[in-house]
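Order of writing sets the labels: A, B, C and D. Residues in every chain begin at 1.
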Amino acid sequence: MMIILQIILFIVFAPLLSGLITKIKNNLRMRKGQSIFQPYYNLAKLFSKDEVISETASWIFRVTPFVVLSSTLAVAILIPVFIFVSPAHKIGDFLVIVFIFALGRFFLALAALDTGSSFGGMGASREMFISSLVEPALCMVIFAISLQFGSTDISAFSGMHAITVSSLVATLALFLVTLAETSRIPVDNQETHLELTMVHEAMVLEYSGRPLALIEMASYIKQMIFFFLIAQLIFPIGLPTAHLAQILPWVLWYLVRIGIIAIIVALVEVIVAKMRLFRVADFLGFAFVLGVIATVCVILGV
Amino acid sequence: MAIFIILGIPLLLAIGALFVRRERLFGIINCFGYFLVLCASAAIFKETAFAGHIKAFSNFIYLDLLSAVFITVISVVAFAAALYSIGYIRKDIEQKIISERKARFYYLLFNLFCFSMFCVPAVNNLGLLWVAIEMTTLISAFLVGFYNSKESVEAAWKYIIICSVGIIFALLGTILFSYAFSISGLSKSLNWSDMVPVAHILDKNILRIAFIFILVGYGTKAGLAPMHTWLPDAHSQAVAPISALLSGVLLKTAIYAILRFGIIIIKSGELAYFTHLMILFGVISLVISSGFILVQKDLKRLLAYSSIEHIGIISIGFGLGSPLAIAGAILHVFNHAVAKSLMFFGAGNIVRVYKKHNMNAIRGVIKALPFTGIMALLGVFALTGFAPFSIFISEMMIIMAAFTNGSYLIAALLLLCLGVIFGAFIFHFGKMLFGNLPKGMTVIGEPLSGKLAFLFLFFLICGVGIVLVFKNKDLLWLAQRLLQG
Amino acid sequence: MLNLLTKNLFLFDPLSLFFLAVIFIVSLPSLIYSLGYFSPKANPPTAEKGEYSAAKIMLAQVLLLAFVLSMALVVSVNNCLIFLIFWEIMSLVSYFLVVFDTKNAKSIQAGLIYIVMTHIGTAFIIAAFMILRNYAHSFDFFAVKNACQAMPSQTRNIVFLLFLIGFGTKAGIVPLHIWLPYAHPQAPSHISSIMSGVMIKTAIYGIIRFVIFILGVNSSWWGVLVLILATISCLVGVIYALMEHDIKRLLAYHSVENIGIILLGVGLAMFFISLNLPYLAVFSLIAGLYHLINHAIFKGLLFLCAGSVYQATGTRDIEKLGGLIKKMPQTAAYFLLGAMAISALPPLNGFVSEWLTLQAFFLGAFNVIGGCKLFLGICAAMLALTSGLAAACFVKAFGITFLAQPRSHYAQNAKEVALSMRIGMLILAVLIVIFGLAATFIIKLLAKVSGSALGIDISSMSFSLNNFTVTPQIVKNIYLSTPLLALWLIVFGITGFVIYKIFGRGRPVIYKTWDCGYYKLDSRNEYTATAFSKPFRIAFSFFLLPYRKTQKIRESFYHIKSFSYETHTTKVFKKYIYDPALAMVFKTAKSMRRIQPGSIHLYLGYIFITLLLLIIFMRQF
Amino acid sequence: MQGIILFALLASTYLMVIAKRTPALIRSFRYQSLCLFAITFIIALTQREPDLYIVAGLLFTLKVSLIPYLLYRIIRKIKVNEDLGLFINPQLSLFWALVFTYLSWIFASYLVSANNAILTGTLAIAFFVVLAGMFLMIFRMTALAQIIGLLVMENGLFLFASTVSGGMPFFVEIAIFFDVFVSVLIMGFFVYRINKLFTHIDVNKLSRLKG
């Protein structure tokens, strides 16, 4: 029951988030910009189109969208949204999330190589490069957080807690990681299809129609999950008991928090310029260092 | 009296070699003769091991466990060499390298050589011991210069001159011993069995000097660095079976001589002195030989240097002095003799087929000579002390003893040098044995006798290695009895 | 005093049994596989006919059996000397297997490097045993164990270092790993899978048995040292693997990496023992052992797959391959499974053990104080980096080898391999899944093993809540349930598929890959492995020191007829440690050679001088 | 009486050390052996031991007459130039000889208790002769010189033996004589061969086997 609710929540709101970000960005750039609901229109359009599959592609290419989607959803049910503990918290903890995302990414990269177009290969190479550099930073952040809350369980820090220096630093690090993971500027740029800059888009270049829709959906959800994690860290709130009356306003507040994160991301995307690929190493290195600092702060108890 | 068989048969064969016309037949007779010798030596070993020492010929001949061990080693290698010679010499004749007459000459020398070597551990009188060893030099000089090429004659010359010089110092040492004996107011005698009981009352200073002469003198013959210089020349030029005898046994006889005097030194309460000198020479030999082995190009010289290395290990073993080390060293004498003979036989076959000593020009032996190739490959591992072959055990014992004595430096050095030498050997032999056949080379069959010799030795290598792990108690017991005399 | 042997020659405690299990789990499939691999008709296209004559195959099988047997004996004897003997036999047989292809100069060189490195390692082990024997006066494990209690800590440290170097050489810890990428690729593939899957594990056995079980950890820097070395091994191994395009060498480098991960578990165990945290010690040793057996399985599988690819195509260079997933679908599937497992993707076994290892770090960090927390954290982060890079590497390995279009005639006419080979691979593939899903049971078993290895009573410790969920510590409510995870993944996957079908109208259109209008898109346009690994090459250039060779042949200033471009990476350890050392040794040897110029007078001089010196310094002796 | 002979022996040894050509060397070797014979004979007279007479006789037949004859014969057979080929010129050799004499004196006095001067002297000379022989072998190029050097050492040894311990047991003595004789024969044989193969007997040029 909870699981269904939660998934529906994610599926419903994730595209909206992305639409929101795009809208804000456009407005900040003094453009009118598309409507917030554009992502829904896109998805609908993609679902109605029929797909083209490369003749060199193998079953890997066909199976990938489902793997990506299912891995993302699997993470989605590990996140405590409605009540204090996540609906499926017995499955795994914070670390497991990292590994599950890796699963989806692995297949996406393979699919990109599968079609034999050099864009795909390029995208796969870059994606794996970035993600493998994200790993240590993310791990360090998780380390700092779990050290602070004494457990790698996500629910552990979903509750009410004081904002300390360490959690601030950790949040910053997590934020940088999120930019990389959700293929945002300065690491990647979702809006362009210029082969010099694109990473995620290059991987999914060969996809069309419904599979593309599924992959897009998955990436929206992934983004929402990461925003949620940041939100939990920076805007801690008490969690309601299982009464529906309490849940609804809480869900609202929950969305608001995520919205705020989205706005910040949009701002960052507007002010910052995209980096060269090889600068990303430094960028994520910085995130890693922040993680270390956060850990030190925890150890010092500030 | 087994000792008569041991000394007699070689002489008889030597005489026989002059008269028996057909070398092929004689080769087989020879082989049987040495088989008898082997059995006899086994009997002697048994006797001495339990009954203590044997005397014969009014003290001319004196056998205790030590001499029994060396006699056994000699007879084993001699038998193998005799076996191997059959095929080897015949091939030489077929290939017109030597004539029938020369073949008989070879057998004559072979037997005389063996006789002289058997004399060394048998005699009691130290003067005669000296004579016997000098005899080995003189006879084997012919065998070194056998092929009468420039190299072989040069080698023979160096061999005979350097060894004679060394041996003269040995004689000087012997005289000094007898001097020490005489000034202690005892009746004039050079009998070892007379000297040992009174060793403690002899003049220490003279003994010390005397032992230096002995060590340098017989050390030259034993190939201890830096007196080893004749050894690679001689061994690389000699006839293959003789090379086996030279480095398998001849060196050991010299070691035996050193030990005889060493026992007197020890009995006179100068253990530390003996120990230090032996270890010193052992270490020098080990280090120098490992260097030479690393950059060697000539196959037979390589093996010769490895003999120097093993002599070094043996003398370290005796130098360490504890029963464990002695056991290891004695064992090593045997194991090295066996393994080295095997390698020299292999080298002999290889050189015969490839017509050259230079290892860089030899490739794909396993293809050209499958049997020899495999044997050589296994032999390399046996020689460099790889389990499960017997040398591993003996080296292990010596290293163990080094650790137990707390002389960690020596142990470390041993391990280091053994590592280097192992690497060098695999490096050289890996290139030689494996790889493709050179052009125009065909697969050649090998004589049965040669194969038998290989198998005999290889059986000993493995067998001893495995047996000794289980029989070590008795071995230690032997070792303790060994230096009692 | 020289009792080399003891009454009970064999020891079958849980540790030994565990390693026996590992050995046979990997060896049996390889044996099955070898039947097909060695069939005379099924030669690599490149190798000339009759490469494997009947006699040679016979020999190979005998050696293989001897190899397995020797390994089994190594892990089950109860006596240092016998251990040493079987250890040497193992090395010897494996050497013969490495140089099995005697015509190939490469394999001879590989064998040389391998056997020499091993022998050096053995020398260290011998030294350690001898020191131990001085205290125990026996080679019996338990006698030694008892003697170790009374040993001064200085000696213990020395012995520990000797063991670490000795076994580290065999295990391939950086910087002692250099033999591994040479030796493993040269052996026949099923042998490589045994060598890489099992043989190097015997070294881990040695470390656990002799350092933890017998010697006993007494100072915490041991664990720290092992952790540091392990971390370095992980990173170096995986980075080199990324640069590697010979598929078997690539796998060999991954062995270095995985040995690092295993040692992280072991090192943590040592660390926690010295801090007296028994529960964590047991837990992290479980993690290590779990990864050990996992690595044995999936690395075995991957090597077998690589062997199949080699046999089908005749090349090991992945730049020449591609599109094999259509030619040999089953092999591809197995390889994919193995790749997923080794890059720690849920819900397979590699994921479980890496999660356990990370968890061990985290739980440890909760319990230690101050700087140790940070140290553990950074180690954990490095492990994460390693797994990320490993994933990247296997995307490359699988993608370039099996996907897209064939890059050369090698891959063009490849066929699926013989049945027996496929069976061999299938068994291991199944095991991968089982070890992923049945984590809790296996952990229960491993708990016994590590408990007995560490000499800790585990009856009071709980490692699993219900039968499907791993819970290191309930109080911290940390859970992992691979079956559930797998279930959900499948459910969601099906959901996605259903949605796809519901909205679906008509069949998908099959058409050429989009080629920007350049209508002749062929395999030459594909992304190569070199290109794929370029970002990593640049990011880690400080360590890899890449350099390129370009050569232009120009007709005129304006027209370049041909242009060749190569890029290489510098093997740091080889170039800056091993080569100079070797050069030095040879130099000294050469200079030593000068003392023997062939002049007999000089030789006589030596004798004379020796004599004089001895007489002069007689008093010194 | 003995003293004079010993001195003569010493002188003959010096002559060998400074000798430049082979015949001279052999001649002085003959003198040396003669002195040795004389000493043995005197000891035999004084001690009235039948063995010693035989030993002396052997000494005369072998060392004084037979071996030098053989050596001369070799020289005549192989018509190489009779130059010894000196590494060190006679003057320097003489200097070294003096040094050796001094060394051997020290050595001798170390061996025997001080009061017995004559014994010490004999020992010193004996040891010096050995050293001189060694010197000849090291610093003279030709093969013949080395043979003679060996013989000289052997002489010194004999002197040594007969002085310190009144000679060896009889049969040993005989065996040693026999041995020496055989060795000389064999060496001569090899000298022939060397001359045949290399057309010279300059053993310093024999350096094909090295390293």
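Please note the rule applied: a contact is a pair of C-beta atoms (placed from the backbone, for glycine too) under 8 Å apart; a residue touches a chain by one contact, two chains touch by 3 or more.
What you see is a predicted model; the values in this text were computed from it and never measured.
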Hypothetical removal of subunit C, resulting connected chain groups: A | B, D
{"item": "Chain labels contacting subunit B and also subunit D", "value": "C"}
{"item": "Mean-CA-position distance for subunit C and subunit A (Å)", "value": "34"}
{"item": "Euclidean distance of C-alpha centroids - subunit A vs subunit D, Å", "value": "101"}
{"item": "Inter-chain centre distance, subunit B versus subunit C - centres from mean C-alpha coordinates, in Å", "value": "45"}
{"item": "Chain centre separation (subunit C, subunit D; CA means) in Å", "value": "70"}
{"item": "Per-residue overlap in subunit A, given as positions that touch at least 2 other chains", "value": "none"}
{"item": "Residue list for subunit B, restricted to those that touch at least two other chains", "value": "157-158, 161, 165, 209, 232, 292, 295"}
{"item": "Touching two or more other chains - residues of subunit D", "value": "134, 137, 146, 203, 206, 208-209, 211"}
{"item": "Touching pairs among all chains present in the structure", "value": "A-C, B-C, B-D, C-D"}
{"item": "Subunit B contact footprint on subunit C (complex, rising order)", "value": "1-5, 81-82, 84-89, 92, 99, 102-103, 105, 108, 111-112, 115-116, 119-120, 123, 126-127, 130-131, 133-134, 585-586, 588-590, 592-593, 595-596, 600, 603-604, 606-607, 610-611, 614-615, 618, 621"}
{"item": "Sites on subunit D touched by subunit C in the complex", "value": "87, 107, 134, 137-139, 141, 146, 203-204, 206-211"}
{"item": "Subunit C residues touching subunit A - in the complex, by the definition given at the top", "value": "323, 325-326, 336, 340, 343-346, 351, 354-355, 358-359, 362, 365-366, 370-371, 373-374, 377-378, 380-385, 387-389, 391-392, 394-396, 398-400, 403-405, 469, 476-481, 484-485, 488-493, 495-497, 499-500, 503-506, 508-515, 521, 523, 525-528, 531-536, 538-539"}
{"item": "Touching residues (chain side subunit B, partner subunit C) in the complex", "value": "157-158, 161-162, 165-166, 169, 208-209, 212-213, 215-216, 220, 226-227, 229-230, 232, 272-273, 276-277, 280, 288, 290-292, 294-295, 324, 327, 366, 381, 386-388, 392, 396-397, 399-400, 403-404, 406, 411-412, 415-416, 418-420, 422-423, 426-427, 430-431, 434-436, 469-470, 472-473, 475-476"}
{"item": "In the complex, subunit D residues that touch subunit B", "value": "110-111, 130, 134, 137, 143, 146, 150, 153-154, 157, 160-161, 164-166, 168-169, 171-172, 175-176, 179, 182-183, 186-187, 190, 193-194, 197-198, 203, 206, 208-209, 211"}
